[in-house]
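What follows is a pair of complexes built around chain A, which joins chain B in one and chain C in the other.
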Partner chain A sequence: MKSGRFWAWVVFVLGAAYFFIPLIATIEFSLRMRRGVYSLDAYKVVLGDSQFQATFMFSVVVAIFTILLGVLIVVPTAYWIRLRMPQIRPIVEFITLLPLVIPAIVIVFGYIRMYGSNSPLPFLATNPGANALLVIGYATLALPYMYRAVDTGLRTIDVRTLTEAAQILGAGWGTIISRVILPNVLIAVLSGAFLTFAIVIGEFTMASLLNRPAFGPYLQNLVANRAYEPAALSIIAFVITWGCMSLIQILSRFAPKSANRPN
Partner chain B sequence: MTDLSVSNQAIAGKAAPPGEARAMRLPTHWLGVTPFFVFAVMFLILPTLYLMLGAFQNEAGEFTFANIVALFSANIVAAYWISIKVSLASSLIGAFAGLAIAIAIVRGGLPNWIRSGTLTFSGVASNFAGVPLAFAFIATLGRLGLVTVLLNTLVGFNIYAHGFNLLSFWGLTITYVYFQIPLMVVIIVPAIDGLKREWGEAAATLGATQAQYWRLVVIPVLWPSFLGTVILLFANAFGAIATAYALTGSSLNIVPILLYAQIRGDVLHNAHLGYAIAFGMIVITGLANIFYIWFRTRSERWLK
Partner chain C sequence: MAEPFLSIQHVRKSFGATTVVEDFNLDVAPGEFVSFLGPSGCGKTTVLRMVAGFEEPSAGKIVVSGKDITRLKPNQRNIGMVFQAYALFPNLTVAQNIGFGLKVAGMPRAAIDSRVAEMLDIIRLPQMADRYPYQLSGGQQQRIALARAIAPKPKLLLLDEPLSALDAKVRISLREEIRSIQKKLGITTIFVTHDQEEALSISDRIAVMYGGKAEQVGTPFEIYNRPATKFVANFVGTLNVLEGKVTDAASGKVQVNTQEVSLKGKLNGSKSGDTLSLALRPEAISLGRQPGHDTSLSGEIAEVHFLGSVIRVRVGIGGNTVSLDTFNNSATPPPVVGEKADISFSSGDMLVLH
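The block that comes next holds the complex of A and B.
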């Protein structure tokens, strides 16, 4: 057992070194903009850049719409399958896992060919259409995570009893889903939402190929042309991802209490 | 597609309760999942099928194998080969390192905060991919990276003089491992948690050594989830483009970058060859999943 603990420490320290050295290197690099001294100049330049603000805001808005679309599609489906159609669960689970098998670049390639300006459904002919297609594409990418999060949340509540109770009280399907089921799985939905946010905010492939002015392509462009600003942005991106994951953790800690609270 | 609808019908037929008003109940039944299926068909299945069919058509829309044959030109085969090598290397390294870390934090007797800290960090790092990750490695192992410079000034060892290059197979692999290890940790820790303490005690009571316990209990139980995750990591690396593109531009010829260039500017001068490349990517990730299922059924049979 003693030697086991020793090796556990060795593995842990090696792992920690591999994961922290690149972060330290990036932080160090991001502080070197002013010659000879460490300064926050790179961060100031980046945060003051109007293009940064514009692309970042664009990605935030896209992320919010992606989350809304994901919730709208996943919550009723997962609920309905638990309640009425457990037989088709394998099929739906299989479909939600497809985005892990089909690379994002292939999906977006299909979009470009199917929904181009000359197609029957010309999403890409207009800017709002292309933005909508980007949101749809991101919702597809987030599908595996969103579905799993919501399905896990539904597992912890008694869907059937809640539904029947609501029906006895005269609630329709819309009311049941939005006022009974959704509040009960809200924590799970939020976990999925923050994960979606972390995935969408810096995504490059889809945004770039659909020619959207998003944060990912902006970052890519900066890496190719500047030295210190991308380091600062990488750190900012890491902090955002970290923030999303911490929120998920905090939420999951509060999950059982708030989910079972009888209003 | 046909397969899906056939099985849907079969299941739907089975689902209808005998003797009840079938025509009345079935449609409302399916109404609840219609939005999901419409979404999945329109934005996931049809676009993919479109490319797969396009891979077998020429410009005039006639059926042909010419695009598939053209995939076997030296340039494209090389791209597939380096993609497969990078994905395989990074998924195997990531899987074993991730497994080691997972076992260390779950079973190694480390303080509890290390376990929770590692899990949170893994959640972050597994999502920290793309352009920022590429830049982090440029700042670390690039020609002016921190580690490169430190090794050179402190030890006098110039890694670039000794054949290392970040814009190469190994450079890309080392970078990919950064999101592969945490993904492995996140997925495999619950599986290791699933190993019941009683099993270890039972094995010890029956006189098993630690090695026997691992060989006969732990490894068979973890095997399916481990293999499944390796394949997930493989597909994860195979489809990744942002990291590689930011790291190497187009200097490293991997499949997703080739496809990206093709979508952008038809560099292969044949639109349907682009479809064929996409088709090839799906075939490879699809094959990986078939291997996974095959392995899993084998190991499940063994578990019985």
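The block that comes next holds the complex of A and C.
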């Protein structure tokens, strides 16, 4: 028993070291921009860079639109599959997993071919069109995460009975989804939304090949040309990601509790 | 019956090759409380779901207040329903749950608040308005579900095994409360249950269902005392079934084991030599020969169970066993297993099962 505890601690320490040592090293390196002393110079340079602000804001806006598109596609789809078509669930799950096995570069080349300026749907001929295509592409990339999060949320409620209870009280589909289903899976939707946000903020391939002024290509450009700033940016990105995860945890406290399973 | 409020006419429902409801007919009078009673899989919930609009009949029609609602969507029917699993919306407070249907109907806020308060008073939970469903017990949740169902003043109330998930004590008090609210509001109600005691205690009429059909529709008294079929007799209440052989059809003589009983006028076309199933309720039988009982059979005490106020005795009569209850009397010791005993009953209480 004692020996078991010892090895458990050894594994824990090794795991923690694997996670924390590169992080500490990156933080330490990001603080060494000024010769001989630790300083926040690298952070000041990065945050003061107008390119950083512009690209970051662009990616934030794209992320918001991606989340909205994802919610609009995934929530009604997952809901309908649970309610009326459980038999096609394996097929839909397979489709939502495809973005994990098909590289983004394949998708984006497909887009360029399909929606180039000479195609019948010339999304890429204008900036708004290209931005819309980027949002659609990101919604595809985020599909596995968004679908799974929403589907897990729907599993915790009795979708069919709640739907029927709302129907018999006179509610139409819009009211049922907006006032009964969505509020009860909101935390799951938010989890999916934050994962989508994290994917979009750091994504490089699609943004670069569609020539969009996004944060990913900016990050890559900085890494290629600077020493300390990329380390500072990595830490900033890390803080944003962990901030998102913390928000999920905080918001989950406000989730509606199941009547049958008080938590 | 006067003009029925709800009329279910020749309704059939099939899922693929399986027919779960077959030629179901029922007329329900305004303000009547009718129970669908039957074992699992008998089609009672399917009929209820067709009335609610969640399932579409394969044939037949459903008429409410003279209007054919067979093809209407559930949200167009103005029907209230209480579900077995409560189905309260977890994200809404009790008041918001009760007011949900009123809000959907576009009722002004003040009117909703007033109606919600009225409903909370009716179910005697006025202090619960701001609670969430998870903060309530099962019985309280089901009362809220009932209030939510009747708040929009529906034409018809459907109760789908609303008491099944509750413990015995709450079940009894809530069923009485449901009946009292239903009488007070005069709302026509269909109640689905597999619990015969529940159905017998609160219904105006009961439709006993089996294999997708209504075996018998009648008052609790009729269903219990004059079961139309062997299934109804067996399913409702406890029943002793004795196998007998018609010895003289003309005079109504039937032989049970080696003893003879007279069932004049009850044999309905049976011929001498036919084998019959004869049924007797335990409360119709007495231990020993009693005045007023015209028939007796001799047997042997097979089992004795002392239950406190009641002693349950099983008497073996040839290949048949008859169960009966006697009140405990401190001056008389209970019968002893193996001793000879007579049972007596009135031949009028004996039912011939078809």
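The criterion applied here is as follows: the second predicted complex is superposed on the first by the 250 of 263 C-alpha atoms of A that agree within 3 Å, B and C clash if a C-alpha of one lies under 4 Å from a C-alpha of the other, contacts with A are read in each partner's own complex, and residues count from 1 in each chain.
Throughout what follows, contacts are C-beta pairs under 8 Å (C-beta built on N, C-alpha and C of every residue); 3 or more make two chains touch, one makes a residue touch a chain.
The structure presented is a predicted model; accordingly, all values stated were derived computationally and were not measured.
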Partner chain in contact with A:V37 - chain B first, chain C second, else both or neither: neither
Larger contact residue set on chain A - chain B or chain C: B
Touched partner set for A:I157, first chain B, second chain C, both or neither: second
Partner chain(s) touched by A:I168 [first = chain B, second = chain C, both, neither]: second
Chain B versus chain C as contact partner of A:L233, first or second or both or neither: first
Contacts of A:V180 with chain B and chain C, given as first, second, both or neither: second
First (chain B), second (chain C), both or neither touched by A:F19: first
Partner chain(s) touched by A:G216 [first = chain B, second = chain C, both, neither]: first
Touching partner for A:A104 - first (chain B), second (chain C), both, neither: first
Chain A residues within the chain B interface of the complex: 1, 4-5, 7-9, 11-12, 15, 18-19, 21-26, 28-29, 72-74, 76-77, 79-81, 84-85, 87-88, 91-92, 95, 98-107, 109-114, 136-137, 139-140, 143, 195, 198-199, 202-205, 209, 216, 219-220, 223-224, 230-231, 233-234, 237-238, 241-242, 244-246, 248-249
Touch list for chain A against partner chain C, complex: 157-158, 161-162, 164-172, 175, 179-180, 183-184, 256-263
Residue ranges of chain C in contact with chain A within the complex: 52-54, 73-75, 77-81, 83, 85-91, 100-101, 104-105, 132-136, 141, 148-149, 152
Contact set on chain B toward chain A in their complex: 4, 7-8, 11, 14-15, 29, 32-33, 35-36, 39-40, 43-48, 50-51, 54, 97, 100-101, 103-105, 107-110, 114, 118, 120-121, 123-125, 127-128, 130-140, 145-147, 177-178, 181-182, 232, 235-236, 238-239, 241-242, 245-246, 249, 256, 259-260, 263-264, 274, 278, 281-282, 285-286, 289
